[in-house]
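Here chain A shows up in two complexes: once beside chain B, once beside chain C.
Here is the complex of A and B:
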């Protein structure tokens, strides 16, 4: 059917942009730019959930899309802005663990690896959408973990964690479309609380040591006894 | 068969005639965005005309490469024009003489001679521009390759006339992620190869910052005219490959009647105008990157093209 193939391509397109946004989060230097890519990524996740929910019509998935649109692009940036001082948002990461081309190449290897890893699962899942959603979701999950390791700023690390969550979501909407709505709501609130806690923690670190470059907090320095 | 040959030559004539207009319109639009009045859109024609009537100065220290290069730079885009669809959506006389990879190699030949000629006269800026062009070129090369690989995975061929049909039959293929991502990657490539703003500033004449411009400083008179015209045609050809092969064949003539092919000329120019509007928007909103940030910019194109390739490979 013509409509079906259009829906399939739109979902695949959302998946492609979802993957690109994840790469963008690995590669951008600015905290603000990283946040922007995260917002876009969540919007593409919502778009994919919306397309998947259309046929066969599934209110769960449409609700997932709605929750995602409200939660991630609006509430999380708002919460971050409220808890973390403005100075942190305009920060730019000068010293990465790896330089950007190298980390992009590694990220690319991770994405290709995710495709090979999920090859057997895709045939198990059976639905046509799974071929797009499972590998890209896993790739986003792994790339989020990679962001956590190579970033030194606190906020991009938090966003890496959120990207992992987005990746897991992206896979789950294809293989478990009838997940109870209650679970989705719990996850959404969990994410908000995680953002809030990490935001408060970042502010505390910022006040204490004047920086949010948590990556360089590797050595324990005992305070001298008075 | 003979009519195919005629149309093929008509394509060459169209590229030769309208390439300076493309440069003129782009410059004028950019000036308007910067709230200046700007030169007339036919200024590039006047420049070429004027340069053809000037005397030529050639350094006696230079070799045959310097004299030979303007002809190579001028001819090369015309050869590529024979291979790609500019006006028609069915293959023409020379269509199967070379695929997109072949066209890329032919274009690279022009760049190769241009680089050699820039070094030839021992002008320090020439060598600087040449080495920078090579830097951009070798960063762009893998993206070109992967774009062509993706295209061949999707269409099963790299002949441009066959590729262009694969994107729209059936229509939902247009939204295929491989297609959209390849378009994105190739757009970045055009910015890099055409010496456009995030990579190079085409209107800047500050010696230390320029890439493309500094290579042609030693040319004068008719040689300079040929170089200028050739450069404009190269951009025109790249845009034609982008719009007609990688985006859609819409607007191209589908039948062999002469009126249809003539009608395709304004339609293709309209497509190019839309592209130019996007180009001007990009050029006016971005700042030129520092030289060592270019690798990151083209890294984005590389990532995009590889994402396109793996998505088309595993789509099954």
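Here is the complex of A and C:
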């Protein structure tokens, strides 16, 4: 039983760091920093999947952990480097939609809201892990969406998108561990294609428009009298 | 077997397009052949499905029923027409002629992703297929690589992928709810078996997340903003695919979920669908009035039609479900025709702005009449297919006593009718004050600098006509037809003709097998 409680505490720690990394993505202005937080977030997701897979032993979850370790911290940064020119990676946002303290405050509100929203589900799930994973997963999903709206650079927007998916899987490892492994594999592949496609698009935007500050693209508007 | 062929064919064609040595030359004919074969195969499949109800290729993974077969046929038909149209249109208009084989390769992959949506029966694979429809069409939307197209592609990718991430959470919750309800296999059938035993508090959130997430992809109102951009900036054949069938392929998933959610959630399912549907119809109808770009006009009309279909599904009952399914068919054939007509206008005029098009019917009788017919058809004028769909929805609603819903819907439809016809009427019939003639030589790419120095023979005509504004231009000069033949390539003219056939014929006569397919599909979304 002592082992159980240790695993539970370890999972709670991983969840806490997972959420902290998501906050980091909201708060960092450097593209590189944002990427680092995303990689860390994915590692904590893998850690949580690993812990949940230990008892009762579930090869599914251990495989999910392995897929996450290979896919997000290694393949995605590599693919980003391959597709997007170096100059974009070293960028830093100068203009901001919202300043950092304000966006962190809103992010805090979102995280607290996610806990309240998921209270009925946690009691329904009935396992101790679910109490950590369900609210944190939903919080990461919403915070990822929030990152998308406050970041103006292309790469952080993409990372916000993938943080949303991480959030969805952080919840799913606790509530739906029996999901087909095949599906997990294809989703991992799908994330890679998403990175590739958006990378190609970002490069094209960088070449043809001369900026990757996608938040300020506004040629296509209804009011414009062309 | 035939299902596997349908799935493999586009992928094989895409591979052939990307073979380095031969791909460049072979891309267009290969795509044409594969899309024609796909159309034949899907029609054969649909005929078989009508006979045997359900075709199972791989149990719990790949199965096709009537509703799926309907979507398959529509995707293949619009895909074939879009490919035929591309043959003449793309070389004429694109700036990227050297990488046109990428266009065809990507085109095939996009078709593959849309074909995958109605054949898989596991919601998790369904999510993947929808995600792939975005990923494989983003680069097609941005194919022209100019600032507008890239911006449109970016907004399209980010908004719909965000929607997909939200929907992913919804689908994972749905899986959990199914397990709690005692279901064993995560398929439509497995979900239906779990039915009322699924916990409503989880299911409600799951449904809302899927509705909002995939609603972004369908173009339902709170998250529709990307749609007019992407559906107007993409190359015209892609617009036809995006607007005509991609939206309905995603809507298919939402419609599939409604009867599954109903036993556990009750009337909420229909209520939300009504709210989102009416909101989309209303907002789109009013936005239609103030557009400046005629491709955007048809894009907003897509938002409107998605709203109509969702409203019909929300009204419920066999007649309304039949109306919804009929409207899916009507929208797919009519909207693709509208975009083909808009493409013809773009070929003749070279500009997207509504204000730049005047007296189109004199300048190009073909493009002008096609645009007019398309606008009348999509707005819901009587002899065409959309009219029949909208009429049956309104009738179904009235016979159920849903007067407020139907009153609102009818009002929005009238506003949209007015909005579309207002713009198109001006474009087609207004008398040009000072005729702005296309100064490009036939065959030059569109959208180049307006002050192109190499003026062709048309410049002399221009000089003749650019007199004072009160000097009326000579009526109906007969030079229009030979010019037109140069401006609109043969493949585009053939496409317009072929696309017109279902728009007109299905409006007055629904053949027996089509009726069978539609009513079976309607029964499926009725649960």
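Miscellaneous remarks
Everything below uses one rule, namely that the second predicted complex is superposed on the first by the 219 of 226 C-alpha atoms of A that agree within 3 Å, B and C clash if a C-alpha of one lies under 4 Å from a C-alpha of the other, contacts with A are read in each partner's own complex, and residues count from 1 in each chain.
Assume a residue touches a chain if its C-beta (ideal position, glycine included) is under 8 Å from a C-beta of that chain, and two chains touch if they have at least 3 such contacts.
None of these values were measured; they are calculated from a predicted model.
The superposed arrangement places chain B and chain C next to each other on chain A without a clash. When the two structures are aligned on the shared chain, A:53 is found in touch with neither chain B nor chain C. In the superposed pair of complexes, A:180 makes contact with chain C only, with no contact to chain B. In the superposed model, A:135 lies in contact with chain B only, and not with chain C. Figure note: vertex chain A, arms to chain B and chain C, all at CA centres after fitting on chain A; angle 150 degrees, rounded to a multiple of 10.
Counting residues of chain A touched by each partner, chain B versus chain C, the larger count belongs to C. In the superposed pair of complexes, A:101 makes contact with chain B only, with no contact to chain C. Contacts of A:5 after superposition: chain B is touched, whereas chain C is not reached. By the touch criterion stated above, A:112 is placed in contact with chain B alone, chain C being left untouched. The overlay of the two complexes leaves chain B and chain C separated by a minimum Cα distance of 19 Å.
By the touch criterion given at the top, residues 122, 124-125, 128, 131-132, 135, 138-139, 142, 145-148, 150-155, 157-158, 161-162, 165-166, 168-169, 172-173, 175-176, 179-180, 186, 199, 201-202, 205, 228-229, 233, 287, 290-293, 353 of chain C touch chain A in their complex. Across the complex, chain A meets chain B through its residues 2, 5-6, 8-10, 12-13, 15-17, 19-20, 23, 27, 100-101, 104, 107-108, 111-112, 115, 119, 131-132, 135. Across the complex, chain C is touched by residues 117, 120-121, 124, 137-138, 141, 144-145, 148, 154, 157, 161, 164-165, 167-169, 171-172, 175-176, 178-180, 183, 186-187, 190, 193-194, 197-198, 200-201, 204-205, 208-209, 214, 217-220, 222, 224-226 of chain A.
Residues of chain B touching chain A in their complex: 170-178, 180-181, 295-296, 299-300, 302-304, 306-308, 310-311, 313-316.
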